[in-house]
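Labels run A, B, C and D following the written order; every chain starts at residue 1.
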Amino acid sequence: MIPASVSDYRLLAKKRLPHFLFEYIDGGAFSETTLTRNSRDLQQLALRQRVLRDVSCVSTASTLLGQPVSLPLALGPVGIAGFNARRGEVQAARAAEQAGVPFCLSTVSACSIEEVSAGTQADFWFQLYMMRDRGFLQATLERAWAAGCRTLVFTVDMPVPATRYRDIRSGLSGGSAWQRQLARVCQVLARPRWAMDVGLMGQPLSLGNVASVLGDKAGIDEFWRWLGENFDASVTWKSLETVRQHWQGKLVIKGILDSEDAREAAQLGADGIVVSNHGGRQLDGALSSIVALPRIVDAVAGELEVLLDSGVRSGLDIVRALALGANGVIIGRPWVYGLAARGGAGVRDIIAIYEREVRVAMALTGCSSIAELSREILTTDTLTLD
Amino acid sequence: MIPASVSDYRLLAKKRLPHFLFEYIDGGAFSETTLTRNSRDLQQLALRQRVLRDVSCVSTASTLLGQPVSLPLALGPVGIAGFNARRGEVQAARAAEQAGVPFCLSTVSACSIEEVSAGTQADFWFQLYMMRDRGFLQATLERAWAAGCRTLVFTVDMPVPATRYRDIRSGLSGGSAWQRQLARVCQVLARPRWAMDVGLMGQPLSLGNVASVLGDKAGIDEFWRWLGENFDASVTWKSLETVRQHWQGKLVIKGILDSEDAREAAQLGADGIVVSNHGGRQLDGALSSIVALPRIVDAVAGELEVLLDSGVRSGLDIVRALALGANGVIIGRPWVYGLAARGGAGVRDIIAIYEREVRVAMALTGCSSIAELSREILTTDTLTLD
Amino acid sequence: MIPASVSDYRLLAKKRLPHFLFEYIDGGAFSETTLTRNSRDLQQLALRQRVLRDVSCVSTASTLLGQPVSLPLALGPVGIAGFNARRGEVQAARAAEQAGVPFCLSTVSACSIEEVSAGTQADFWFQLYMMRDRGFLQATLERAWAAGCRTLVFTVDMPVPATRYRDIRSGLSGGSAWQRQLARVCQVLARPRWAMDVGLMGQPLSLGNVASVLGDKAGIDEFWRWLGENFDASVTWKSLETVRQHWQGKLVIKGILDSEDAREAAQLGADGIVVSNHGGRQLDGALSSIVALPRIVDAVAGELEVLLDSGVRSGLDIVRALALGANGVIIGRPWVYGLAARGGAGVRDIIAIYEREVRVAMALTGCSSIAELSREILTTDTLTLD
Amino acid sequence: MIPASVSDYRLLAKKRLPHFLFEYIDGGAFSETTLTRNSRDLQQLALRQRVLRDVSCVSTASTLLGQPVSLPLALGPVGIAGFNARRGEVQAARAAEQAGVPFCLSTVSACSIEEVSAGTQADFWFQLYMMRDRGFLQATLERAWAAGCRTLVFTVDMPVPATRYRDIRSGLSGGSAWQRQLARVCQVLARPRWAMDVGLMGQPLSLGNVASVLGDKAGIDEFWRWLGENFDASVTWKSLETVRQHWQGKLVIKGILDSEDAREAAQLGADGIVVSNHGGRQLDGALSSIVALPRIVDAVAGELEVLLDSGVRSGLDIVRALALGANGVIIGRPWVYGLAARGGAGVRDIIAIYEREVRVAMALTGCSSIAELSREILTTDTLTLD
């Protein structure tokens, strides 16, 4: 099959990756209710088809947090994304750079901040989780700044990690240590191409930014344990003030789904928020981010930038989010599918797919520039006989 | 597969149990409309994701009917649950005791009241059906009291047993005596592990509490017949008054789905009610219990405790029910799946799964204690333009 | 499998009957939208579970068109029903008689009016289509009266026969004469039991009441042709007046789905109507009969009896229809499935299934008599916060 | 299988055509949300069943754009339809002529205007896309007029071609030139009948009307490229005025889905519009055309004729569209399925299927003439208590 869409890349990734790794990326929390809702709610939002407006010059250019972008889309922070292709985050960051969109590195990336920085020219964003080890936190922020990161994405929807049933089933986090090892080895052997290309040639498969703490040889189990023990669930808006004061660059709060929390972020002086349910990986049962968006936009209108992620699977979804007031969107799984399937070229293709679709959707709703995308291009008409 | 969820344990149970036994547990009345509704309606209820509230100390502790519990959940009364593992109710009662949640023994359990009492330290609850044989009724109540039961669960939604198509199809209750025998023998032989572990080693497979009446050797067919003939459909609120007067402990009416009936229960002086449609096993077409809950809570607010069962399949469902005003929930099938799959250890794991999920859901809705769970954490927002 | 429900009998019938015959019974018009709606809309109607009302003496007895019945249900007119078992209509009429419910013979039955009359004691109903050949019409009415029929069911929703795609596909009515013959012969050979029992031993397989016109040897193709050519599409309410004047017994208009038409029937002086879309076999896209019912009941309340058919698949559906104001229901396909699967015994079992379910549903909604079934026992509650 | 419906012909076409050709016809834009909505929304619109009105003389005759038609249906413009059967458009145009309904030739047809004109007696309609090459545009209009076309269908919903994932996957437009060639050759070899009948005997397989520009030997890839490069996205209502002034015949604007655009068309002086989302092939996420229809009809009532296409799959759908105010409908894929399955005879059968269904639906809603089809025959009744 010649891949045409995000869902096609998903299938290719499934064929390429060891089972537990694919399940880790693909899955959501508990019953995956919110995971399902995310894309479905986006897809159901209807657009108005308009005709005979001059759309010979459609431009998808915009800005995100003051930075010019070719498309209002960023590659979101994804933990251990680098396990999906050899030195994965570097490949992805380069693809983003070539496409003219921001790349955001996760705290728990495979490649370290420095490695990504060395491999790319463009600035990238850095995402931080609040960790108990404040020394680590401080040091990491300094490394990010030194590497040229000027946008800090602070993720707040993971005070505790939710359970993802699929990770237990696959042996990533469930069962005894022995069961886990066995299951994973078998699954790796069933994917010799990945085993060779990433497992062997892509070493070290550790967490670049945490290696200083955990050591280079730390396996996936140590990582889980460290993460589990180090997430700081006591953080409040109050604690964030310190971060705000010490970070000179842009500060984006990621994981807002409620208008009351959005107001708090505005009061804190954040530059942006990401309306997100962590891709349906945390609070199962939460609203889809697109349903949460309008009330949040209304609550903070103009005070800060509003990005949206979770479930954005096509350029049409980007147009929908922008029409409802988002300044841009973030994608998580989609770029990782691309990376797993075809490395950097896959990531580039994924971005190109989104771009092409945005362009078509703009032309067919009669808009030539991103600024024209407003609630005007949406409709909730249904059939009525009156 | 390493089981991660209730649905995983369901599959394991299916592999372990003779067909007719699994179908008996798993099935619902008639077309299973209500059975399906129960979980689906729960799952659709959306929770508000809240962030940056200190959730470092989440406690799931609460009380049920005056009794402290580690989690507001009880193992509900399930007939012949003890056929699913060797001396099953004892194993389950022990698991509940270890987890710090109440266990409720059914009238028609395999292990007798005395056997369960001997096998556990903690008090357990006892469930009673109104039987024509009032002598049996009286005697049973006395045995329960003597065994230390202080909470009586009086089930009222089974004046007549509904038809469950699956039981007819499987040969549990359908076909000629000869057909039934043959079907069951074949199905048992197809599950040698169960046949050995429970069928042979777990004898007697009779109804512990009814043995005095039916005799120890009474087979499953005698049991059905006795039940069918002994259910008393003439009971009214009036008749319940006698029970109320004679029972010194807590009295809980199980099987309320209508606010008018809830008011009657309050007037009777019941200590609690269970909002329930018997897990979709009685009136097919009835509302799901979660849809029925709010009006009932409003009707009896504060006068008695309101428990809910039917369809609770995850910790998120517990949080949903509590948010809508329930004091706690009861699970039926889920613990039996655990018991069938792995005996007492399975039951413990099932409870642990619920507990972990409640904990995560509380953290992510920003609640540290059970008392904080209120309608505030729910949302019915949908997508609207302007 | 031991059959427990109407859907189980449907599967048995499918195994027993030649393909084209099963498709003829089972199918609906065009895209089968209305066929699907009929059962689904019934199933979605929620019942109120009520408890602790004395339901030790539940009676399902009632009357239909002045006639006492054990259950307010009748076996509806089904064309060539008699092809599904040896001398099928006689077997079915006997089963109805034994169960104490009315049987209605179709104009286009296999067994003639006289044959059914000879085989049963109880009166049965007779259904008439308006035919161009008024001599045939007149003669048929006289035969029916002579045979003891006192209730005439006049079907009005088939001025033209709709297309049923399945009949074309199966070769019953589609393709060239040669294709049809071949397809049907092959399908009969694939069901040797039917071929022997009905095809050979059940001769003549003609249309008993039309034999006078068509002759005894007329095949299925002649039958279709005669029907197609003889349906009279010019009939109006006016033309019905003559029928009303000449028929001394009860007159029921079958195929009303609109309240305006229901009022016309009342004005005509009909004794009853059947709210029906012909089991989804005529106007695909029409409302389900249960959705149409309430407005019709309101329009003619008390002026005539209102029966309902189309999609009634369980005793719960009967209770739903009665609760919304119907005096009784008619079933079409269900009894034919029973007949095809097991002859008269199958029909008896089908009626018994409905009866048992009505009884349970009455007990669990707290009703002891049919007269108590009212809108009171239904609920449209949905989940709302505040 | 003996084909009975449009969906049956779809299956036959699938068996007959090379994969990429079937996918090209069958597919829609992006996620095919709108494609799915089109038929589903039509199907859900309920009709009122009316009885005992004289429907012995039902006539489906009507007029479309001043022209008498046997059924208010036209065969819509479909690019390269002629690749589906030998000299396909000629066969289809003849079938339409025989059935008494209009045929509309696409700009990008296989057979040229002149070839179709030579093969038929009746006038046909011609569809035009706005092309950058205004010389080509002018010349084509003159050729159409010379060939006797008096109705010009100007398609406006394709300023840019949308992506259809299926075409990329199938190798029609995706992958490298080499991949595409290989995929297509294999797919053709898998359909020897098509390869012989159309691929070999049906030469030239070029674009008849564009051959003057592209040359006779231009392959499918040249065609795509030319199309892609020649669509003129700068056209506005203003530019259409020239077309309006120069075209002496009827002018129909195809691709209107919004009432504001419909008003523009009326102001331009168009004779008709086609409410259409291009069969779900352009703006995925757009409303279904049937949902868009009522507001458009209200906006332009009486000023011009309103046709509808996209998703019309049965005669019932025609009746629905007419009841909501359309003057007629257009079908795209359905007639191509017929053509691919059985050539001209298939097209005739498809039209006959629609005709029969319209006739039945009219009879059963109590209408004898097309003029009687109004909102009166529709209902949005749902189940409500009290």
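Heads up, the rule we're going with is that contacts are C-beta pairs under 8 Å (C-beta built on N, C-alpha and C of every residue); 3 or more make two chains touch, one makes a residue touch a chain.
Which chain is which protein? Per UniProt: A, B, C, D = L-lactate dehydrogenase.
These numbers were taken from a predicted model, which means no experiment stands behind them.
Taking shared numbers over all numbers used, the subunit C to subunit D interface scores under half, which places it in the different class. Copies subunit B and subunit C of the same sequence differ by a rotation of 90 degrees once their CA atoms are superposed, given in steps of 5. Chain centres here are C-alpha means, and the one lying farthest from subunit A is C.
Averaged C-alpha coordinates put the centre of subunit C at 41 Å from the centre of subunit D.
Spacing of subunit B relative to subunit D, judged by their CA centroids, is 58 angstrom.
Among the residues of subunit C, those touching two or more other chains are numbered 44-45, 379. A ring topology is adopted by the chain contact network, closed into one cycle in which each chain touches exactly two others.
Against subunit D, the residues of subunit C that register as touching in their complex are 29-31, 33, 41, 44-45, 156-157, 159-160, 162-163, 165-169, 171, 174-175, 179, 183, 232-237, 239-240, 255-258, 260-261, 264, 277, 282-287, 290-292, 294-295, 375, 378-380.
Considering their complex, residues 1-5, 8, 43-56, 58, 313-316, 320, 356-357, 359-361, 363-365, 379, 381-386 of subunit D touch subunit C.
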